[in-house]
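One structure, as structure tokens, below. Some questions next.
A, B and C are the chain letters, set down in written order, and residue numbers restart from 1 in every chain.
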Amino acid sequence: MKENLSREEFLKGIWRDNPVFAQVLGMCPMLAVTNSAINAVAMGMATFFVLVGSSFLVSTFRHLIPKQVRISCFIIIIATFVTIADYTLLALVPKVHKELGAFIPLIVANCLILGRQEAFASRYPTKLAVMDALGMASGFLLALFSLGAVREILGDGALFGFNLFGANFEPWVIMILPPGGFLTLGVILLFFNWFKTKKDEFLEDVAAAQRSEG
Amino acid sequence: MNAPAATANPSSLRLVLTLAIAGLLSGIAIIGIYETTLPTITANKARELREAVLKVLPGVTQMQALVHRDGELVVVAEPAKDEPVIYGGHDAQGEFVGYAVPAAGPGFQDTIALLYGYRPGDREVVGMEILESRETPGLGDKIYKDADFVAEFSALRVDPEIVAVKKGTKTGPNQVDAITGATISAKAVVRIINEAHTEWSERLPAPGSEPMLEAPDSPVDEGAQ
Amino acid sequence: MKKRDPDLLLFHAPLLRQGMTTPSAMRDVVWALLPATAASLWFFGISAVLVLASSIAGAVLAEWLFANKEARGESLRDSSGIVTGLLLGLTLPPGLPLWMAFLGGFVGICLGKVIWGGLGHNLFNPALLGRAFLQATFPIAMTTWVPATGDAGFFAIYPGNLALPFMQVSVDAMTSATPLGLMKFEQVVTPLNELAFGKINGSLGETSGVALLLGGVYLWARRDLDWRIPVSILATVILFSACLGLFDAERFPTPWFSVFSGGLLLGAIYMATDPVTSPVTPRGAWIFGIGVGVLVMLIRVFGGLPEGVMYAILLMNAATPLIDRYTQPRVFGRGIESP
């Protein structure tokens, strides 16, 4: 039972409550840095690190933090992890860091992270909180990657810098520019919701069929 | 709600203490990561700069930073913050080759930052490398992706000034073939170099009396591999 | 069929009816575009047919794909998809790869119409939105102008047309600048008679000013367009360039050059007058037209681009709801002060 619960917390972030496709959170990095797959993945990893780290600390110390100053404490914790991620990226992958630029410090302001602390980590035991953070962060990473991959494939004819279509590919310049982010996200959301509606209809049909049988 | 409601109304002291401790721990963590990564970050930056300088000044193997203080160019190990700096390039024998000058200015979309190599003896620009730009992909980004355009800056007279002309109509040694479809970006590059050149040309010493190489086999070598 | 009973007729309001319906208005636009389409065939040969057919195919496919299953026949029958595709095609360069024209028609209908809720609900002109998408996506292909086929004959296809989907043209096409490009970047003025009859470079439909005016007169005679919009756009452009001419006749274009060059006539007559995306009030129509005219001239003369009709109309499309709101006529019998 306990195992099922934490697996449930993990899985919900990836699909049912996906932070981007279902909750539409964290749009700023989502649209701004997904012009190539590598940027998107680096951003996703940084957010992953910050979210899991903060959720772990917040949940562990949740009884020690007075609720009047909880938001300030969350922000201090998140900001610390963001700074660590910032310097680590700068030292390890300076090229990617240059591309992401101001958007790494801005992870502090990603509503997904603060939202998870307030809504989940500060109320549940550490194990569940970490599972929830892992799920949400993986969902976010997945969303960033799918957007970045589509935009790089169409906009550059490549994936992770690896050329897919040969030299004569005509790049869709708009996909690398900001409007491409909005267009791609819109199309992905369309398919996500279409799929969800279809699935719900299907489940309803099944339920109805079972009722009539029983 | 099963979580933080344990204390209904904690004292102000407790609130302040919690925040202070959180801040303190956060500060320690940040200082720790800063100290750990600083050497790598500095080395990365130095290597990047060195690579760019070697690219725009062919034949150069050693470099030193120069700043303009009290009417003359002096060699500095560590330029002060916000102080305009150029780089003197020397070949393997320590002979002066040319200057690498960083410059920046508005492009079509955003600031273009570049580095160009200048030989005062020939009064020629001998190389150009774009360090930073957000020009339109597919058009404006040809200022660094189009090898033909970059090659235009390999032997370019600066007198009376560099001029960008329509592609294929180049006549003089001070002219650059602009890029079809990205005239604005190409002209911006030329304008940035012209402006930086006017600014620096009066500060440079007469050809032949450039600052000597102070630390031969400059220590930046490490980490270059 | 129901049998009519002449003794008692029961109708909903409105009781006054006229013959004009959406399908008939759309068909009128197609007829009105015939002279310009014929001119594009004359100048650019079979390539014009291919580009126009591709963009129409893209538009109609999108229309069919996203229509409600029940309403599918209806939304195809009103031929608004064909009008969008045709208008878009006429704004494209003749040497454009066919797959791009197809994509433009598809995206124009998707982003310009379907996502707003269909015909009548859109904020922007679908054809221009498709063109704006293509311009932002393929800036080089969209500004590569090939000269009229001329001696090569009707069946000579531009090599650019035949690029494989997602690929670019490997052959270097012979290119040349449009009159506006020549004016802006090389200070060369094209003679007026060439502009009026269309022996110039440019997109398929914009070359022949006379053919476009002909269609405009037909639309006006059929009461399909609000004459205030084209008149105010053209008048503004003429006045604006006349004023500029007073300052420096050498540097700025003459009024007639401004009117007959680029896509101004095509835009002013067929796109700015789209009844869905232009104001409904007479005063609003004047404001809309003047706004488009001023923006066109500002972009052409002071902007970085040689042509600005597309962006001018799209910007004023965005302002249309606001214009309509502030130009509502006073309700009869009510004072200005009363609520």
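Everything that follows uses one rule, which is that a contact is a pair of C-beta atoms (placed from the backbone, for glycine too) under 8 Å apart; a residue touches a chain by one contact, two chains touch by 3 or more.
Quick caveat: nothing in here was measured; it's all calculated off a predicted structure.
A.B. asks: If you average the CA coordinates per chain, which chain's centre is most distant from that of chain A?
C.D. replies: So the chain farthest away from chain A turns out to be C.
A.B. asks: Which of the chain pairs holds the record for C-beta pairs in contact?
C.D. replies: Highest contact count belongs to chains A-B.
A.B. asks: Let me have the rounded angstrom distance from the C-alpha centre of chain A over to the C-alpha centre of chain B, please.
C.D. replies: About 34 Å, centre to centre.
A.B. asks: Averaged over CA atoms, how far is the centre of chain B from the centre of chain C? Could you give it in whole Å?
C.D. replies: 47
A.B. asks: Would you mind pulling out the distance in Å between where the CA atoms of chain A average out and where those of chain C do?
C.D. replies: 41
A.B. asks: Specify, in ascending order, the residues of chain C that touch 2 or more different other chains.
C.D. replies: Those would be 139.
A.B. asks: Multi-chain contacts in chain A: which residues touch at least two other chains?
C.D. replies: 173, 177
A.B. asks: Which chain B residues touch at least two other chains?
C.D. replies: In chain B, residues 136, 138-139 touch at least two other chains, as defined above.
A.B. asks: Along chain C, where are the residues that touch chain A in the complex?
C.D. replies: On the chain C side, the touching residues are 97, 100, 111, 133, 136-139, 141, 163, 166-168, 170.
A.B. asks: Sort out for me which residues of chain B touch chain A in the complex.
C.D. replies: On the chain B side, the touching residues are 1-7, 10, 14-15, 18-19, 22-23, 25-26, 29-30, 33-34, 36-37, 40-41, 44-45, 48, 132, 136-139.
A.B. asks: Going by the contact rule set out above, which residues of chain B touch chain C in the complex?
C.D. replies: Per the touch definition, chain B meets chain C at residues 108, 136, 138-139, 166, 181, 183-184.
A.B. asks: For chain A, which residues are in contact with chain B within the complex?
C.D. replies: 62-70, 72-73, 76-77, 79-80, 83-84, 87-88, 90-92, 94, 98, 122-124, 155-156, 171, 173, 176-177
A.B. asks: So in the complex, which bits of chain C are touching chain B?
C.D. replies: 139-140, 143, 185-186, 304
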